[in-house]
């Protein structure tokens, strides 16, 4: 039995027994290799669930949709390891109760799909732990190195050109499971911290704020990168910040549901070489 | 003839230590550069990175942030939180291309009037050497510019 | 025998137009995306694109533009209008969907009160459309009763030649004719046949869908919640759409001087309709998606007798969660059977 | 290039400049300002176009624009009066403006109350809280030509006595023999010396029981009040077509372009803000 069939069967069982009220998974998309999020509430519909190596979107963000978990019923969700880490962070930041989340874990290595064993988030500790060991293989190392070698001026110019494309559609924010604020700082107007206009200054500020708010929280699922209609390498900034946070505070985001958020905690002996 | 460049610098300081230090510098009649506008806050823990961005947005050539030494925070650990935040924010600014020399951080206690005056003077000199923050001024200028197409 | 323009001659044309003070704009690649932008040479164009990632809309209605500049003085306030840069433009290599999108929005921007920013640019632009010879899975002009070679909104229509060496020229308006008179010497007579236009499959039944949307009881249908459940509420569909025209007005500046700007805004944002009191007439994502569809296919045609969709398919193509107008209208077509 | 095929008009986004000549605190957080045009051309345009029910966009440069009605009547066009509650960025800036300060105004926009059609009829005005200003514009427009109308009844309620706006005008109306004023406050909102009614507007309205014969009703208030008042009016026998109300939505342009104020197919800024109850009942109720 394929993993897809196994998971369909499991979804059917959970839904018919009432163990979960909904399964959030992947369904067929518009084109052959597109998969779209689907929400299954009836055991009769589990046949619509698809699982293959095109299932890339991190679905964890849907769990914090307004009202979804407030009835304290359980919800099942298809997640890759990054998605599982996202659940840990959401739980650590008190956005959801991890016990309400039933995980259908899977991963793709070398184009091969494999199931991840476990139901609740803590059972995936090994899988997640290994991420910490072999620091996530980030695709665009080349570009990162290129940027790091630039002078500050060149870097400024590089990012300005990238951010100039930004149209402030906020797809990066909306696609990100970590951007759950009911009112984002860019939507606050008293005071108006960030210019809402999508001119070069407004775009620059927005992208700095977004990256800062995700520092030490990003799981590098790539939702922002894929959502961006103008192809700004957003994930690259997030990755860079993850590397910084790892180096400075030995912190990898989403390791457990009780992990303290890195910027809401401290150690007395944190490095402070830059402080005069 | 163009006027010599005088940097505009914004300082965000905590009221219990650095502001008191500034006070001490004043009452001790220490001279320091007049380029710094001080904004007093209850604690470094309150100094959001948004403040630094706002200062740059409004045309500052440099920003400095200062508070109590570790262990001395009036609120026991506001400055420890601030330190982590600055660490990350500083790295981010660096990666985005804002030279770290433009944003400086320090611990200055209520007793360190001399350190305050020296710090202000040295930062002002550093920023003066760097010159106006032209790249950011360009961004700010764009907000005033007419549409291009 | 008809007039043709050879690709080889295009650079001469660009030169000629530029010499006449005309800004030449067309589909190009810029920093990893494709857009309509001003060019120096014809070699910058990429006519091989199905259509650019970003629509032609931003040439007439940019994502942000200053409208007014203010200066507050002791006894008076000066308001200075910031008009778009003046000067003729030729948009060479538009697509039929993009060009018609502009014509669709004309009545809206001219509805009793004329939007000077929009119309100054409209008035100074010549749109030269190239009929499509290829389409992708998301193209849907035919579903909206248009064709890859529709002429709505265009001043000149070019049909690619079968041999790939150029285009057959059809001047549609006086402005188009005037623009091509300037390059008359680079045109030639030829009997070359035009290539077959792209075959775009009809994806939904527009008439049936519209009829369904017009029934008041369907406003409260469960359908809206189901179809929009995965919508994440970003604005990429509305911002890439050639016909979405909603905007925000924002002031930037201080007590003494600053700029009032017109920025894109989107019905997918909760803040779009939120009252200061906190009351929000469209408080859920399903209500906002319903508004988008209703507006395009029910309210807008009710006012201006034309659907506010030109079938470019960018909404579906770019959607992070694979939604879009096509899917919604396909589902509605099924419901209305 | 070729001749301009599109007409050009004055810039529709460019506001007129107005001077605050007087201001008055009405209730906690609620203020009325009287404004005068600096430019006679703007004033002339206003005089020619303003009719009761229309609204404007009041603004402070640097903060933005905010939509509310013109609270002064069409019979007094030398100035504009507006009443607003300080609640957001723009209204805070307006509240901070002092007599002599300059603000911006765009408008008047929207449709109006067709008061010619009310000639010879009895008028019933029903209003709640901060929604008296739009009603007040109609009330004075009618009282200034009192002889053209029949009986005039005003039912006005607020949460507390302090929340009643236009207190001096309420006194004036109370003393007039040709106006019947029914004042009420919500239970618990009365002061020790409150001599008027206590109860919610719909209840008080039913008690007052104005006759629907030859009568036009104008209601303005928070959505919940309108909802229940419409039910009460129905009970009293009013025809939906003789009941007028105003809708208010978030607006930016005020001229039918920016796309946010519509309720169903109706653009409140262009086709409103004045609607009959019959028209409102045809709109999708969920989007109100």
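Lettered A, B, C and D in written order, each chain numbered from 1.
In the analysis below, a residue touches a chain if its C-beta (ideal position, glycine included) is under 8 Å from a C-beta of that chain, and two chains touch if they have at least 3 such contacts.
Only a predicted model underlies this, so the values are computations on that prediction, with no experimental measurement involved.
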Chain pair with the higher count of C-beta pairs in contact (C-D, A-D): C-D
Interchain centroid distance [CA atoms averaged], subunit A/subunit D, Å: 48
Chain centre separation in whole Å, for subunit D relative to subunit C (CA means): 38
Inter-centroid spacing, subunit C versus subunit B (mean Cα positions, whole Å): 45
Distance from the mean Cα position of subunit C to that of subunit A, given in whole angstrom: 32
Residues of subunit D whose C-beta touches two or more other chains: 88
Per-residue multi-chain contacts in subunit C, two or more chains: 248, 250, 252
Multi-partner residues of subunit A (at least 2 other chains): 195, 197, 199, 202
All pairs of touching chains, each written as two labels joined by a dash: A-B, A-C, A-D, B-C, C-D
Subunit A residues touching subunit D - in the complex, by the definition given at the top: 189-190, 192
Parts of subunit D lying in touch with subunit A, wherever the complex brings them together: 88-89, 92
Contact set on subunit C toward subunit A in their complex: 30-33, 53-54, 63-64, 137-138, 229-230, 232-236, 238-240, 248, 250, 252, 261, 263-264, 266, 269, 271, 316, 318, 320-324, 326-327
Touch list for subunit B against partner subunit C, complex: 143-149
Subunit A residues within the subunit C interface of the complex: 29-31, 34-39, 57, 61-62, 161-162, 164-165, 167-171, 173-175, 187, 195-199, 202, 223, 226-227, 229-231
